[in-house]
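Below is one structure, written out as structure tokens; comments come after it.
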Amino acid sequence: MSRRLTGALSALAMLVFAGTAAAEGELNIYNWGNYTNPDLIKKFEETYKVKVTITDYDSNSTALTKVKAGGHGFDIVVPSANYVPIFVNEGLLLESRPDQMSNFKNVDPTWVDVPWDPGRKYTAPWQWGTTGIAVNTDAYSGDPNTSAIFMDPPAELVGKVNVVPEMNDVIGLAIMYVGGKPCTADKDVLRKVRDQLMAAKPKWQSMDYGMTEKMSNGDVMASVNWNGSTFRVRAKNPKVVYGYPKEGYVVWMDSVAVLKDAKNVENAKLFQNFIMDPENAALISAFARYANGIKGSEKFMPEDMKTAPEIVVPEQFKAAGTFLPTCPKEARDLYTAIWTELRK
Amino acid sequence: MAGAPAPGRSGEAAARAARIRRNWLLAAPALLLLLLAASGPLLVVVVYSVLEPAEYSGVVWELSGEGWFRVLFHRDIFDETVGLADAHLTIFWRSASISLLTTIITLLLGFPTAYFIATRPPRQRTLWLFLVTIPFWTNLLIRTFAIMEVVRNQGILNSWAMAAGIIETPIQILYTDTAVLIGMVYVYLPLMVLPLYAAMERLDFRLVEAAYDLYASRWRVLTRVIVPLVKPGIVAGSILVFIPSLGAYVTPRVLGGGKNMMISNLIELQFGEGRNWPLGAALSMTLLAFVMLALLFYVRNMSRLERRG
Amino acid sequence: MAEPALQPTPGRRFAVRRIPGFATIAAVSFVLLYAPIATLVAYAFNAGDSIALWEGFSLRWFAVAWGNELVQEATVRSLVVAASASAVATAVATMAALGTTRTAPFPGGMLIYALINQPLMVPEIVTAVALLIVFAMVKIATGYSGLGYLIAAHAAFCVPFAYLPIRARLEGMDLSYETAAADLYATPWQTFRRITLPLMSPGIVAGSMLAFVISLDDVVITEFVKSAGQDTLPTYMLGQLRRAVTPEVNAISTALLAVTVLLLSAFFVLNRQRR
């Protein structure tokens, strides 16, 4: 019996260590949930003989916290624009120089020299979009183009509104709703923001992500949501519309960065280059339904994206869109304090 | 292992010392494993609870009472006034009340069920126990998910109620405290039934018969004879349900929608968006203290019951 | 006193053991216990995409789950971790049981007992948080981020589940066999190997099975301790539950349920045979 036992134990040990021994080519991506096209990953895996794992997060702050804590094992992270400088300042990103990669020429000029990553030394564009309000017209037939849906829910929507737990988007929308400017550190404005949010919170249903599924299934009737996600919801549930808050809505961009303590730096750089190819960028967009920043990808994109109101912003709402910049530390600390109070 | 002790006084003492050494050596690997991967890290948590939070995650190695302070109190962001941390207190209250309600409801449902099984013919009992045990061994996530499917807007409850004409639009149950309560009762019901059954199986029905012979009504027999006799089972079941309920994580997370948090979710938040590891550590210790109190209460009750019976 | 009356005394039309309403409540409880699971299993065979709208019978979600690489990896990882943790926990618990049972009280005995059973008392979230902190430090210091942490964590909290059945078995064992062996000039080691261990084996088997299932089932601690790409089946499902809920989760759940029922049936049948 002891011989069989030893045999079994050594077989087990080999299994365990074989699984953990570094595979020939590996890449560990840390990205937003439901945001990466499996076909894109398959194509990358086949082209470069690399095994890819994807772990997902639901907000920029979750990603930042996990990466900062160390020992995470990821190679790539996809932060939003206003978080990139924070990641850089904390020393978490590798200067992988996407601007020197072969596919860089495909990047749309608008997105080349961006204030949060001048000259694109750290990040390659992934997708960009807007944050607005998704409403199921079965539950509410009024105007969806206002932040009042979550800041001061109408009677039909009380107890049926969800707010995604993305701090910057929510605080940005809230600030613009009370009439302030994004990145303000004005305490009076912020106090109004805090009070209004806390007053609205009991009328919310939840603070969860995954609205793509939950609104399709009818679990949630209205939510602060991103445009691409709402587009996907509408494909399954035509009753849902996307609203552009007239008080001001958020425009954002997510970019792919390599982490400084990445174990597979070469593969990570290959991935950054890979996504700057027009055809691959179109694959990304086709899945999550957001626009990308690569020129020449339009001809590969699906037809319905060329006319959808979620992608092509209607004229009357264009002016209200604001790209969220990285706010000064004082403002950020106040926002964090308000957010943690809200989250409890 | 049987070894004959050497005869004589000093031989006995040496044998005793050898036995103690042997016991400790045998238990050593278990102790080492647990100290490294269970008990030891708890000490680290205590230490972290008195440090200062670093900006995004982790701690700054400077002593600070902020972590413990924030468990109960709250400093307003704008005017620095100190008040009670209402949000935390709400969550403590929610955890305690849901746990208590869960215990009571599972007791009300579980007592008759255990009694039913205990009064079946002995050969049938194994089958009934098997039927109770299957949900018990089913993965917790699966069970919580099953409840999610039942209470959601298009799940069975709402669909049937609408089909029967009782309601017109679905009632929002999912993502409320009610959903969490339903989930908890569902998950912990088998845990209440099993210890109750164990106590009832040993119930001597002659005593019950004797009570009836003395013209007691069914109600009196139940309350004055059966319940006192199975009290250890009731206490064991209650503790087995109450304590894990306090520390429940999966059920409130899946069914609560991020808004109806219980203590575990509040703790998790501090290690994510809350960005306050010391507070998370302090809250963990608070939860542990509550659990230890409940356990102490149980132990003292059990010894009192044993002394009496 | 006369023999216990298991039949109603003549003249009494009265079922002593029956309490009105209890059978009904018991029936309700059983229905309540099984209805959600039944629904879940039913929708695993849904032809459509939804977990609420029935669109016909189909096995496609089982095929999807089977072919899903992430699911395959998560399953293998779960099994590897559970097997390793169970092996370690059982080995360690067996020794500990031998050291703490059938022996007169000794200094520190209570402490050992408390430490071994600590995972049963401490809420999982507290342990998870503690391990997150400690393992993060170790990961940075050593650079190792393999399955070792998961296995160590699982082994630790499985120890009491392996320990209790083994201890129960040991306490119920008759010392006379071992004394007889000693009388026949067997060395302590021979006695252990040929007598004690085989006699203990039902307890050891029960303990290891229990540890295996507990490890397979764990969500909280794994969720906090895992590194990149180290999903186990429960954490994979948790991720799916928070986002894209398709009948694939139902299919996986049904498969897991089938395995559980099989294992439990085997356990019950084996136990009955023993009598």
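Letters A, B and C name the chains as they come in the text, with residue numbers starting at 1 for each one.
By definition in this document, a contact is a pair of C-beta atoms (placed from the backbone, for glycine too) under 8 Å apart; a residue touches a chain by one contact, two chains touch by 3 or more.
None of these values were measured; they are calculated from a predicted model.
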item	value
Chain located farthest away, centre of subunit B as origin (C-alpha)	A
Most heavily contacting chain pair (counted by C-beta pairs in contact)	B-C
Distance between the centres, which are taken as Cα means, of subunit C and subunit A, whole angstrom	38
Inter-centroid spacing, subunit C versus subunit B (mean Cα positions, whole Å)	17
Shared-contact residues (touching 2 or more other chains) in subunit B	152, 154, 271
Sites on subunit C at which at least two other chains make contact	50-52, 132, 242
Residue numbers of subunit A (touch at least two other chains)	69-70, 208, 217
Contact footprint of subunit B on subunit C as seen in their complex	4-5, 14, 16-26, 28-30, 32-37, 39-40, 43, 50-53, 88, 91-93, 95-96, 98-100, 103-104, 106-109, 112, 115-116, 118-119, 121-127, 129-134, 152-153, 155-157, 159, 163, 175, 178-179, 181-182, 188, 191-192, 196, 213, 216-217, 219-220, 234, 237-238, 241-242, 249, 253, 256-257, 260-261, 263-265, 268, 272
Subunit A contact footprint on subunit C (complex, rising order)	50-52, 76-77, 80, 83-84, 87, 132, 135-140, 145-148, 151, 227-231, 239, 242-245
Footprint of subunit A on subunit B - complex, ascending	56-58, 74, 77-78, 85, 87-88, 91, 152-154, 170, 172, 174-175, 256-259, 261, 266, 269, 271-276
Interfacial residue positions of subunit A with respect to subunit C in the complex	9, 12, 15-17, 19-20, 28, 30, 33-34, 53-56, 58, 69-74, 208-210, 212-213, 217
Subunit C-facing residues of subunit B, complex	1-4, 19-20, 22-27, 29-31, 33-42, 44-45, 48, 108-110, 112-113, 115-117, 119, 126, 130-135, 137-143, 145-150, 152, 154-156, 159, 186, 189-190, 193, 205-206, 208-209, 212, 218, 222, 243-244, 246-247, 249-250, 254, 263-264, 267-268, 271, 277, 280-281, 284-285, 287-288, 291-292, 295
